[in-house]
């Protein structure tokens, strides 16, 4: 007696994709979108905790006219742009150097090790290295470059933000280098060989072949770096001054303020940071999407 | 490739500059009283290292391990099906989904968490380990999904089809064919998300409310205190697992490591 | 360290083609010898095919000529000037590889004009030359396209145009069409041949495809395991190969061992005798399957008795596998419908003019 096996229901292809994506989209949708939405709402006056909601642009007005915020924005922009630029240039140069030297495997491992160091520890390390009583200062004293602690230029907790820039540069240069090294594949060497048979000297090959081919991945990595450093908290908090602080630190301070009216301002600042980094992300997608078609 | 004598020197210079910032950390961790302007600690002491065996530190270590392991597991669990959808299927709105899944990396976690805090409080997730684990999914799921999407794109579905033809059901195919094929990517995703969670400070501070103490929180207060030795010792403890894991990761995944994979997503 | 020299100046519109002489070239990779004391003579304006199976060292030789590979020993001169110390950018050599390797960030026009641009030519000059060259390779309107928008054949044409724009005195091609469909390959061969004839550039064409070599080149040099094992016009190499290896390379060939005495090759059983100018001594007679035919009439010194083993249909002919009395296999391609049956005997005619006798060799 044979039994006919009932066909089990299997989800169609469209439904299958939806099912597969649901958990991840939930995380993103509920948490990220929800969180940002909440921040926006609270910045506009929605106050579920206090109980009284009053829709107003007051928080934004206060934030936009606040000279402290202006200084904060300036500092954040300065630190982010300089760090990203340094990381991009140094990282690319480093990758090219490592490729020429051929010590790729060991140096690559070193870079990956640095990438693994949490930024918090990085802040500690840079602080211990560059602070007025830090290791570099002591070395300078030993070498006779300075006479006392007071003579040492402030590299941490300084007005310009050098300490912060140092930490970001130290951590993100290996990141760019690793991305660039991966892009310096066999195929790039082949292209450089072809260029040489067409008469290009070593400098010409670098300018006309290597750098243009490296540009898209390095640019994409740089945008990721820019987005990260703009929004980072620990490093500017530890290596920067309380005033002016970067936007993230400002936002956090206002959030923790006993005066609850500061909270919408904190949200407003958070929204501003989110806008800045989202613009960076759009640029990133444009770069990676548009240029991937043209690059290798 | 030129084999000039400068080669060794250049490699050394790069290595020194890369490692330099960690030097004072190591020195301070084992230093006794070390005043300015001594270049090297005149006396070593085990005080810093002994602190690491203290209750507070061990507790934080335990919490960190618990949180990070949970986050890594969950992130991979969530990222695996998403990665499959993105890597294997062509569907309308794929680019949009890719962008959405990248959003958590781009949108500042601070902004997200400040907003979420209200909900966490309301649903009783604030100040709990569970809440911290959940919020840490935000920066980790995108990486897991991207990595696994790339892995699925390279996956040869013929193996799965062969298994089905031979009579294996969907679950057995998954367990015995798909997962083993995806193992390097899964391991990479696990290690990477573990790493991200391990280093996380702000999210834990906000959602954990100071009640959930992970190592980074301990480290932060130590850095703010004037006890450099304690801070350095803790710093070493925090740094060690990530560095070891990443070195293991480069062994598993070969030269193309996680970060590179993400920047191509 | 060499002192820096000025960059190569743009070459005149039709630079004379160069004579290339390679002497005693040796290239080793670790323990293996890729190129084993190779000698090569390319007459100015000639079109030579370098033929051989994969791994025979032909691509390596090309690499040495282009300057991308340093040899372990030997010399290379272009027009009597030693070039081994010159980097690729200083050699008057153009290179086209298997993969087009077009610069992905440049459009077709800027790809083709690359060489002139590097030499410092003006934009106007570059544009004019590029337009002219694109017309030569029949890619007139594709100047603005990007490499990823091109088909495989179009990409290789751009690659060819790019290499030739600088008017190199030597053109090197390394299996440039092996990735293309057969019809396309044939078109491209015609294109290369035409460009060679128009520009008069000394051309070296590396391939593992026997038909390709025979079709496109004036001279064929056969390589095996890093050594030259045969050379000459395509016809010579095919019908009068210098070595057994060369003979075998061009397809299955019948080999009959025997003895040469006084200008005659005789098979061991004495039934076959063929005049030859090979030296006396043990020898091998090679003859192509398609050269054999069924013998009619009385037995002569040019035919042999065989036992038919197998008959297979091969479209344009039938393949008949037979054996001589002493067991030596003999294969013949006979017209469809020939009266041969497995198990029967037959007589096969070996025309002496299509037989070739080689002195005994390993």
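A, B and C label the chains in the order they appear, each numbered from 1.
FYI, a residue touches a chain if its C-beta (ideal position, glycine included) is under 8 Å from a C-beta of that chain, and two chains touch if they have at least 3 such contacts.
As the structure is a computational prediction, the values presented were derived from the model and not from experiment.
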Q) Which chain is most remote from chain B in terms of Cα centres? A) C
(Q) Looking only at C-beta pair counts, which chain-chain interface has the most contacts? (A) A-B
Q. Between chain A and chain C, what's the gap in Å when you average each chain's C-alpha atoms?
A. 56
**Q.** Rounded Å distance, chain A centre to chain B centre (Cα mean)
**A.** 15
Q) Which chain A residues touch at least two other chains? A) none
Q. Okay, in this complex, where on chain B does chain A touch?
A. 1-3, 7, 10-11, 14-15, 18-25, 27-28, 36-39, 77-79, 81-82, 84-86, 89, 91, 95, 97, 99-116, 118-119, 121-122, 134-135, 137-138, 141-142, 145, 195, 198-199, 201-202, 216, 219-220, 223-224, 228, 231-232, 235, 238-239, 242-243, 245-247, 249-250, 255-257, 259-260, 262-264
**Q.** Touching residues on chain A, where the partner in the complex is chain C
**A.** 190-191, 193-201, 204, 208-209, 212-213, 215, 293-296
Q: Would you pull the chain A residues touching chain B in the complex into a rising list?
A: 13-14, 16-17, 19-25, 27-29, 31-42, 48-49, 94, 97-98, 100-103, 106-129, 133-135, 137-139, 141-142, 149, 170, 174-175, 178-179, 182, 217, 220-221, 224, 227, 230-231, 233-234, 238, 248, 251-252, 255, 266-267, 270-271, 273-274, 277-278, 280-281, 284-285, 288-289, 292
(Q) Please output the residues of chain C touching chain A within their complex, sorted ascending. (A) 7-8, 66-68, 87-89, 91, 93-95, 97, 99, 101, 103-105, 114-115, 118-119, 146, 148, 162-163, 166
